[in-house]
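Shared between the two complexes below is subunit A, which pairs with subunit B and subunit C, respectively.
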Partner chain A sequence: MHAQVARNSFLSTLAQVQGVIEAKRTIPILSHLLLEAKGNTITLSGTDLDVSMQTSLFGEVKQEGAVAISGKKLYEIVRELPDAPIDLRWEEGQNVQIVCAKSSFRLKGITPEEFPALPHIPEGAGITIAAETLRTMIPKTLFAVSTDQTRPTLTGALLQAAEGELSMVATDGHRLSLVKAPIHAAKAGGAIEAIIPRKALAELGKMLKEETGDVRLVPLDHQIAFLLNGSRLITRLIEGQFPNYEQVLPSPSGPGALLRREDLLGALRRASTISGDRATPTVLELKADRLLISCKNIDLGEAKEELSMEYRGPETTVGFSVRYLLDFLGVVDETEVSMHIHDPLSPALFEPKKGEGFSCVIMPMRI
Partner chain B sequence: MHAQVARNSFLSTLAQVQGVIEAKRTIPILSHLLLEAKGNTITLSGTDLDVSMQTSLFGEVKQEGAVAISGKKLYEIVRELPDAPIDLRWEEGQNVQIVCAKSSFRLKGITPEEFPALPHIPEGAGITIAAETLRTMIPKTLFAVSTDQTRPTLTGALLQAAEGELSMVATDGHRLSLVKAPIHAAKAGGAIEAIIPRKALAELGKMLKEETGDVRLVPLDHQIAFLLNGSRLITRLIEGQFPNYEQVLPSPSGPGALLRREDLLGALRRASTISGDRATPTVLELKADRLLISCKNIDLGEAKEELSMEYRGPETTVGFSVRYLLDFLGVVDETEVSMHIHDPLSPALFEPKKGEGFSCVIMPMRI
Partner chain C sequence: MTRAIIHVDMDAFYAAVEQRDHPAYEGRPVIVGADPKKGKGRGVVAACSYEARAFGVHSAMPISRAYRLCAHAIFLPVRMNRYEEVSEGIFGILRRYTDRVEPLSIDEAFLDVTGSARLFGEPTEIGRQIKAEIWREERLTASVGVAPNKFIAKIASDFKKPDGFVIVRSEEVKTFLQDLSVEHLWGVGKKTAATLRALGIKTLGELARWPEEAVSRRLGMVGGHLCLLSRGVDDRPVIPEAMAKSIGAETTFSIDLDDLRQIRQTLLRLAERVSARLRREDTAGSTITLKLRFADFTTLTRSLTVAEPIALTEEIHAKALALFQKIPLHGRRVRLLGIALSKLTSKTSPGQIPLFPADPRKEKAAEAVDEIRRRFGEAGIVRASLLSSESGERNR
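What follows is the complex of A and B.
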């Protein structure tokens, strides 16, 4: 293999693949990237066997071929190189040679045959969604994905695409986050229902970052592929039945309480300095036109906050884990949020005022 | 105690004292700050028994008094408060009450008698130095302070003030950093020689940050105080004899090798991706008009760099720990550096081209 690439494009391509590869090096090849030079393209692939990422850039290929090379080291080196052409060369049995301006490096290479094969993705299959639509949905569900490995179906977000609508939902049993968006029915090529693991979601979010255009979703055997502008992310799906979330969604009765997002965020952040961990509930007292927030911690002390709000429902008092409220507020783009609290024991519904197709259900804590 | 302070000034005062107080809470009072309200001033004190910091701000004192309060919690709360007056109130046997706009907090208070007494600092004693002079010297020595507790005298920097000159020097046995600056003899009130512990140096650097004006150094019994604009840092001194560093300083014979700082920094950063840890030497090969840098690591591979430089001395090859070279270059303000290498086993001298009174001696590694 022998090829030349521009340093800046190579660096951003390398950065994209870093998140996928194994940091632990338990299986050495998984800490490596596969570099393939073919035609006028250099393709980089990384995988941890669950999530794989492939991306490519333009390069001047002098001799076609492929080699696997330590992903972290290559990234560290290229990051420090000046913006000049980088020459990459490898011959079987030798080290990979990297030359840029007056710098040259030799890194151990592994023959490409040892690198795990990535699945074939059929041309034109799957459905097409605006990258921006999918990108904004990821942070709105990622925070609610469970980290509890004893309930594997909750360690990912359920993605559903059917009948002109895309939805994503995640829950950890204490809170649930659901986001929906319309998609062009014309572009839809069949329904998709898949539980995407947390790591794949996070890497997908990075892949879609700042990208315009369309992303294509292709269901594969126990896997799904996301394709965008020459980059592709393929992930194993989580097997099993995602809980029937529709039945826990409370229906918003009446207008609910209306608050300025920033005011509520500030008050809850201050309360969180006292609540410390999740075991201490933060108490919301809904009065006509105002919200009282309080939190007591026997080790530390006590916090009290008062906010004005638009509210015409009955007075009620309910406790929450402040972390869950902050997580929701942290991903709202609007300036106002609505809050539907029925009683101190029923799930409460939080939404941006204008909806945005985004709903967050949070279970109260006993106070 | 009852007083009002402005939120922004209170926050920056709190931030200053944070670094000194105990994070571990082995002795609870050391994780607390002492708040004292007297006249029209609020004074904050924190200590870990080795290093103490005291700073004050203007406040409207309604009832004089003092109380100790958790430093970390108070800082976290004030950081989240809006910019409005903060009301602080405490009565013996009760919690400290903190009220700001529509937020109110109660935190446990400890009676001021339990807070360790800070030493008295005699008025007008000690010597006076421009804050800027001392500030620029700290980072130039801090990096060379040893972390090896088996050689306690090296775990601080030696500060010497005498005969119109201030010097600071630190060494860990492998490298030594020395910085000197002239001081106004008229302002000097006696000589000082003190080994300042690492933590005190770091906190002093923060205290002097962005400050103009003069800092007063007052030697106390086994301690030294630094006073600036109502803030004071007092530290225990390290006992013992600092090594006689003058004798290890090589004399710069001839003009040495002259390099652009940024070029050398870039080349060494790239080499450091291969060298990994300190055990692998980075090899500098001095040729007429150019420097070759190389590094081999049997696990990873090899790096080679070439730089142009001004050099008329004999050709020589010498190995260094790349980390030591990077540490030196990281605190140089000038665009060019000089390098005096006598032979592969003798200490080498690194300086900014124009001197700045700053010298770094680095022991070579065997190659």
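What follows is the complex of A and C.
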């Protein structure tokens, strides 16, 4: 293999792919990236066997071929190289030679045959959605994905596509985030229901960054592939039953309370300095036209905030884990948010004022 | 009704733990306490082994004095965390026989086993088993006294220390106390002893023969109490610790284990026990701790905290397994396993409410199992996955 690539585009491609490879090197090949030179493209692939990513860039191929190189080292080297063409060369039985301007490196390579094969993706199958739409859905669900490994089905987001609509939902058992968007009706294919692991979601977010065009979602056997402009991400799905989330979605009755996002975020951030850990509830007192926020921490002291708001419902007092409220407000793009609180022991609904298919359900804390 | 009270007192506790943890110290004088600084240290002796006591060293003695008496002793700093850890294990053993355990200190406790006879046998048998289990599981000796009340039980445990085992039956109380000096009475110091001696009272037998009023006239209120004690009358109850900070169960295997299936089953059995106790106390815990001791006595504890308190067997078992799987075994055999839940809260105490309510049927099923066991004993109902298991455990 012998090829030349531009340093900057090589670096950004590397940055994207190396996120999926294994940090812990239990199986050496999984810490490696596969470099393939063919035609006028260089394709980079990485996998940890659960999540695989493949992406390509333009390169001048002098001799076609492939080799696997330590992803971390290659990334570290390219990051430090000057902006000049990089020459990559490898022959069986030798080290990989990397030359850029007056720098040269020799890195151990592994023959491409040892690299795990990525699944074949059938042409034209699956459904499509605008990259921009899917990109905004990811951060709105990722924050609510559980990290508790003893409840595996919650460690991913449920992706459902049916009847012209794509929905993503994530929950950690205390709060839930649901986001919906229309699929291009003309291209809508079969229904999809899949739990996407947290890592795949995060990497998908990176892959969609600054990209335009349509993402194609292709369900495979126990896997799903996301394809966009020559990049692809394939992930194993989480097996098991996602909780029946629809039963806990509160139905918004009446207009609820309306607040400026900035104001609420600021007040809660200040209160959160006192709340310390998750065990301390932040108390919301809903009065007519007024929201009182307070937080008492026996070890520290207390914080109080007052906000004006539009509210015509009954007065009520409810406690929340402030982090859950902050997480929601952190991903809202709108200037106003609505809050539907039924009673101190039932799920509360938080939404951007205009809705836009984004809802967050937060279970209160007992005070 | 005659009560059955057991007093358990560990022998030279801190020093014994050090000798056990460091086999090289065995049989040598060990003094735990302040740094002697070659005789210039200023602290005191916290505990010393019986080998050191032979040189006249005793606890609370200035460390400098101990150094002069026994300079060749092994002087060690106090490792309170370690002793507490061991103490927990010992109290775990005591609580197998009754929940009426009153800790007096880290290494000393009263047990009221009056109601335990039907389940565990006669009080003397329980005392014997406690001693044996402490030795088997902790490699430490305890002195045990069994008597109809706290006062006599405490004297009895001290009677043949170390490794003592003294039983005083109701009918033997009088003879047992007869010749003991009055200093054995709680609250009798040098001054009171001198007053009594002036009356010609040196032994408990002599005190017992005096009329109560006569003693009270000279000693005040306390006199009456002392008279009662001297006749072996003491009805102070055993007061269990107000509220347990943690609820746990542990078990030591008769053969050190390396079979993962058996370990998993044991964790399930422990989870069941902890779960039943949590339900009995109407509580749930959010921190779960797994304790693991290898054949070489190295002990590890690993814990994790969950956002919602848990109490069901399945949940406890899942977390315990998750903790266990993070411990590299390196082929080592397991001697002891334990599960404990702490950060206990009741169902109505403050905290995060789950979004998806737990299936009430699971709780109902667990309660039904508890009820069956209450009526027909532990074997009245058994999980299918535990049916095939040879428990290999030494104790319940």
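The working rule: the second predicted complex is superposed on the first by the 367 of 367 C-alpha atoms of A that agree within 3 Å, B and C clash if a C-alpha of one lies under 4 Å from a C-alpha of the other, contacts with A are read in each partner's own complex, and residues count from 1 in each chain.
Rule of thumb we're sticking to: contacts are C-beta pairs under 8 Å (C-beta built on N, C-alpha and C of every residue); 3 or more make two chains touch, one makes a residue touch a chain.
Model, not experiment: these values are computed from the prediction.
S.K.: Check whether A:248 is in contact with subunit B, with subunit C, with both or with neither, and answer first, second, both or neither.
M.R.: After superposition on chain A, A:248 lies in contact with subunit C alone.
S.K.: Quick check for you: in the superposed arrangement, does A:206 touch first (subunit B), second (subunit C), both or neither?
M.R.: Neither partner.
S.K.: Touching A:38, do we find subunit B (first), subunit C (second), both, or neither?
M.R.: Once the two structures are laid over each other on A, A:38 reaches no partner at all.
S.K.: Given the touch rule stated above, what does A:260 touch, subunit B (first), subunit C (second), both, or neither?
M.R.: Touch status of A:260: no partner.
S.K.: Scan A:345 for contacts with subunit B and subunit C and give back first, second, both or neither.
M.R.: The answer is second: A:345 touches subunit C but not subunit B.
S.K.: Given the superposition on chain A, which partner contacts more residues in subunit A: subunit B or subunit C?
M.R.: Counting residues of subunit A touched by each partner, the higher count goes to B.
S.K.: Could you tell me if A:62 is touching subunit B, subunit C, both of them or neither one (first, second, both, neither)?
M.R.: neither
S.K.: With the two complexes superposed on chain A, say which partner A:365 touches: subunit B (first), subunit C (second), both, or neither.
M.R.: second
S.K.: For A:353 in the superposed arrangement: first (subunit B), second (subunit C), both or neither?
M.R.: neither
S.K.: Given the complex with subunit C, which residues does subunit A contribute to the contact?
M.R.: Residue list for subunit A touching subunit C: 148-150, 171-176, 243, 248, 278-279, 281, 319, 321, 345, 347, 361, 363-367.
S.K.: Mind pulling up the subunit B residues that touch subunit A in the complex?
M.R.: 70, 73, 76-77, 80-82, 95-96, 102-108, 266-267, 269-270, 273-274, 300-307
S.K.: So in the complex, the part of subunit C that touches subunit A is made up of which residues?
M.R.: By the definition above, subunit C touches subunit A via 306-308, 318-319, 322, 348-356.
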